[in-house]
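A, B, C and D are the chain letters, set down in written order, and residue numbers restart from 1 in every chain.
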Amino acid sequence: MQLGMIGLGRMGGNIVRRLMQRGHACVVWDRSAEAVAALAAEGATAAASPEDLVAKLAAPRAVWVMLPAGGPTEDTVRLLGELLSPQDVIIDGGNTFWRDDVRRAAALRPKGVHYVDVGVSGGVWGLERGYCMMIGGDAAVVRRLDPIFAALAPGRGDIPATPGRDGRDPRVEQGYLHAGPSGAGHFVKMVHNGVEYGLMQAYAEGFDILRSADSPVRPENERFSFDLADVAEVWRRGSVITSWLLDLTASALAQDPRLDAFSGYVDDSGEGRWTIQAAIEQATPAEVLTAALYARFRSRQEHTFAEKVLSAMRKGFGGHVERPGGPSAADLAAASMEGRT
Amino acid sequence: MQLGMIGLGRMGGNIVRRLMQRGHACVVWDRSAEAVAALAAEGATAAASPEDLVAKLAAPRAVWVMLPAGGPTEDTVRLLGELLSPQDVIIDGGNTFWRDDVRRAAALRPKGVHYVDVGVSGGVWGLERGYCMMIGGDAAVVRRLDPIFAALAPGRGDIPATPGRDGRDPRVEQGYLHAGPSGAGHFVKMVHNGVEYGLMQAYAEGFDILRSADSPVRPENERFSFDLADVAEVWRRGSVITSWLLDLTASALAQDPRLDAFSGYVDDSGEGRWTIQAAIEQATPAEVLTAALYARFRSRQEHTFAEKVLSAMRKGFGGHVERPGGPSAADLAAASMEGRT
Amino acid sequence: MQLGMIGLGRMGGNIVRRLMQRGHACVVWDRSAEAVAALAAEGATAAASPEDLVAKLAAPRAVWVMLPAGGPTEDTVRLLGELLSPQDVIIDGGNTFWRDDVRRAAALRPKGVHYVDVGVSGGVWGLERGYCMMIGGDAAVVRRLDPIFAALAPGRGDIPATPGRDGRDPRVEQGYLHAGPSGAGHFVKMVHNGVEYGLMQAYAEGFDILRSADSPVRPENERFSFDLADVAEVWRRGSVITSWLLDLTASALAQDPRLDAFSGYVDDSGEGRWTIQAAIEQATPAEVLTAALYARFRSRQEHTFAEKVLSAMRKGFGGHVERPGGPSAADLAAASMEGRT
Amino acid sequence: MQLGMIGLGRMGGNIVRRLMQRGHACVVWDRSAEAVAALAAEGATAAASPEDLVAKLAAPRAVWVMLPAGGPTEDTVRLLGELLSPQDVIIDGGNTFWRDDVRRAAALRPKGVHYVDVGVSGGVWGLERGYCMMIGGDAAVVRRLDPIFAALAPGRGDIPATPGRDGRDPRVEQGYLHAGPSGAGHFVKMVHNGVEYGLMQAYAEGFDILRSADSPVRPENERFSFDLADVAEVWRRGSVITSWLLDLTASALAQDPRLDAFSGYVDDSGEGRWTIQAAIEQATPAEVLTAALYARFRSRQEHTFAEKVLSAMRKGFGGHVERPGGPSAADLAAASMEGRT
């Protein structure tokens, strides 16, 4: 079927490519004329503007918006709401906050324009592996778009079936889920990313503990110098903690065992924050997901003001003057104890 | 080659079976005569006692101890230290604290008896999938035992090779790692389990947030009733958070979507605690792994004393009397706000 | 000066009492006629309705709203916005979310009605000790209300002056702070409560560790049975951790050393949640304040769904069946180790 | 009565001074001859060596050791165990790990030498305010030393009595507690410090949230520039979170509102680590105390290896290249949203 795509960055471009590879027709627009030309050269129909894109689609239209969350997506959805006709569908495939989906769907409903939110996972690997999609919107509209979703999804592949799923929605095993009404897709994707942060931090802390296991506070025969690339690799092989994130870590460590190429500054893209916000609204404890988020916040500061407050108090009650760079008092005490035994 | 096995529980028994399937000879003993008889019926040589087991092995002997960590393993290792001869090897495949390995290896060294610690992951699936092993001890001794480890390991299978590993130790890709000197095997396995706790908690919190997403503090159009079995399934398909633990979760949810069969009481087996202890000794922050451990501690109490202290303070400064079972003040305020908009 | 008070619960009633004790005139209304009559008997002027209250105040009027946050306060502020005249002031002394203050102040501004938000700490002790107040709004309006704030504040009392404050705003040492524009008062009060949660949880965990220090996993001579009432008392006397919250805890423990009167269900009133929400918006890590909030969320559930997910995974990979009530595997291993030494 | 003091640093020296001010006789030794001479000039009896100190004390002797925990204290206690006679007492007033107390007391018991562990709080203020002491050891021996403890303790002062303490041990209200057998004193002091870390971190996070409340991700009318010195001061005045630590913070902020004099590197002295170790052994969840400890660990590193692992994974699945120094993707999205409304 035919799909319009606005936003031809890494994600949007590859989604168009995967659709065209599977026989779908795409009309594409991006504020970068080069991006449009590049995809036109691969077989897409170039549009000169959003208006042109809408004009080049046959009704009922489906326009996928794949732009940065926030202003760019918001503005584009609003514009499309004006350009489109009843029965047309706007698909927001970006990292949108789920409440924005709820609001937009309600705003578009009186006009008869449908709104479908799609959380997309798969990153830069999606073109090859397929995209895992979590979809919110009216069931009939999601059903109408099925050829698109089926083409983008990874399909069953050689992933073993889960026992006990007989009789359940077969789309899910293809890699796409109609999760519920508007907002439900991005809500599930948001929690997906929250979980992702937690998983990443769990591995990261484990490798950090291993890396510092040759701590001088321990006696010689209790210090270990692990080959982290080998540890990551062996964990891929029959352990309980195998995962794709571990595969990626093993690959990174094999190429750069000390990860010297990385600064340690870690960004976050919003979903982790919204996940915690949802947890707190619902009074659901989420210690691990929150700690993972805070580790990223902390990574982006040289020192927090909180740490200075601690130092100020320590000076106040104990006359302590902190010594950046030296071993801690506890390390000294421990090392001293070790030397004794 | 020939191996003695002491401890024929789920793990020990299946290790013997996998070894025999691959042509190795096993002499087995357990304090349960039935367990010994069962494996003898499958081809193992039965021993009547540890002494008998030692007598039935040809020198240099290798005896694998697969018993509960703590007293049972400790007593058996000590006994074997008395029964064995120079060049013989004791293999501790249990969940032993790594410092006990360091101590035992040092104690056995004067006698010429070798000690090898093996952290084994793979659980009840190991017989079929193979065991992921993390090994500590002298390199030459670990090399001598290679036929055993190679037989137990999962082998390369169809797991894709990690780019950049050319020239590295090929054993690792088979699923076993010589991690370092005595204690190194159990140290890596310990951290593996610490990471496991963190990963599990990350998924668990994510599903909890999804499950409570129909919270009555939200207006109707912001509540979602997710099918958690479907969510778990779709995440297995091309998402960033695919893993074996997720496969297991998807299977559990497919069979019991509300997990009513589970009480929510969650045990811990020691490695998670030791991981945190190591992190603290080394001054390595490990927020996520620790939070995951504490969630298990908390799950095993009806109420903590800490919570009663909170209630006592709240009564003290605010006259608050807690109302078990009712909505929280914050929920009421939120619901009240929502009703207004 | 003259003040109108709407809401004569514990807080509102005592604020009126303290003002009247210090010579101010109060016109009071509450939907409970009894509450109005009670304060009228103590010298307040009774109003029959909000309209009547406004009518009985001389312009420029000041009306303090002391109602539950959310709907009741919102509705009352809106009504007052209609009843009042330019230069009149609405004071919201409740636990309002600071963004609601920002919104309300902006909505009232075109009418010329001022809005002042006051975060009030001091709880049930305020009548006697005075109230600590954090105030947001236009400086001139806050200045106009100074007699009210000065009367409610605790005053310098015998609290030692802080060195280095010469030349600073003297109101602060009296116990009230003009923190900034609209919303600033409730923002500071919100963080105050967030900090309060963290402090409370720190003490609570400390007492919990002391209470369980006679754990059977330790050998006899490493177990302690502490008298928690005495511990709390001695910490009040020259230690680094003296505080009013500790005073309250010492009092509670002296009367009920095991705190058997408390269920352990712990409520939260909203500010703790908003504090974390603000932290996350600002990317400020707040591990301790968040953990304190989650401990309360957790206290209100018998078991979380997250815990059931953990149990389901453990059964999946290890065949573990959890045993509610029994000692943990780690406890058994530890106890076993101890018996050995 | 007469007391020997070994270790004349800030703590040991002031303890001697306070004892002499209250009429007790002190024999003092330190490896620094200058420190000995200084106290001798104030009235103490100088000793030339530990042996000389013992010789100058009348039996039954009491020798207080006030040295860094670990090796220095251990060596000195061992030496005193050789020099002293039955009925003599060694008092360890340092920051010793409680298990070392249990071990030492057991080792000294056959010789008839008593061992008393004293956790001392009060820091540099103790000379003036008195020391809060938590004491472990045999009841009769602690009773014998009562004149010493009574002189060091702050006494009742003007701290209000706790209701409900009638009939309880009156020493506690003087500021010293016989907490239990050997090790109990340092155990209570250890938890005191663990709680101290939690309290400090709670305040620190609160001030950090306030300091960053003018975050550019918020629209203009939702940004606040708080005077933190004033906030700290007003919280001292009738709020729920008054404390001595807050007094110190208010003082520090009054003198240096941005705390520019502090690097933010925060040391830890061991007790916080041991508190968590005890909590984990006992399976007592301690989220807040642990998070406070980890914040200090984190403060002493430029970047953790864990953070590099996160970056490596992000590059692996998303092609993300981190941009140190720039705003986060989430901040950009938020700012973008705000500009829109």
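By definition in this document, contacts are C-beta pairs under 8 Å (C-beta built on N, C-alpha and C of every residue); 3 or more make two chains touch, one makes a residue touch a chain.
Since this is a predicted model, take the numbers as computed values, not measurements.
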item	value
Same or different contact residues where subunit B meets its copy subunit A, judged by the half mark	same
Far-end chain from subunit C, centres as C-alpha averages	B
Inter-centroid spacing, subunit C versus subunit A (mean Cα positions, whole Å)	37
Centroid spacing, where centroids are CA-atom means, of subunit A and subunit B in whole angstrom	28
Separation of subunit B from subunit C, taking each centre as the mean of its C-alpha atoms, in whole Å	43
Contacts with two or more other chains, residues of subunit B listed in rising order	123, 201, 203, 205, 208, 212, 240, 244-245, 251, 268, 273, 281, 283-287, 291, 294-295, 298, 300, 304, 306, 317, 328, 330, 334
Residue ranges of subunit B touching subunit A (in the complex, touch as defined)	99, 102, 106, 121-123, 126, 129-134, 153-154, 159-160, 162-165, 168-169, 172-177, 179-184, 187-188, 191-192, 194-199, 201-203, 205-206, 208-210, 212-213, 215, 217-218, 221-222, 224-227, 229-231, 233-247, 250-251, 254-255, 275, 278-279, 281-289, 291-292, 294-295, 328, 330-331, 334
Residue numbers on subunit B that touch subunit D, as the complex places them	240, 268, 273, 276-277, 280-281, 283-287, 290-291, 293-295, 297-298, 300, 304, 306, 317
Residue ranges of subunit D touching subunit A (in the complex, touch as defined)	10, 68-72, 74-75, 95, 123-125, 200-201, 203-205, 207-208, 211-212, 244-245, 248-249, 251-253, 256, 259, 262-270, 272-273, 287, 291, 295-296, 298-300, 302-320, 322-325, 328-330, 332-337, 339-340
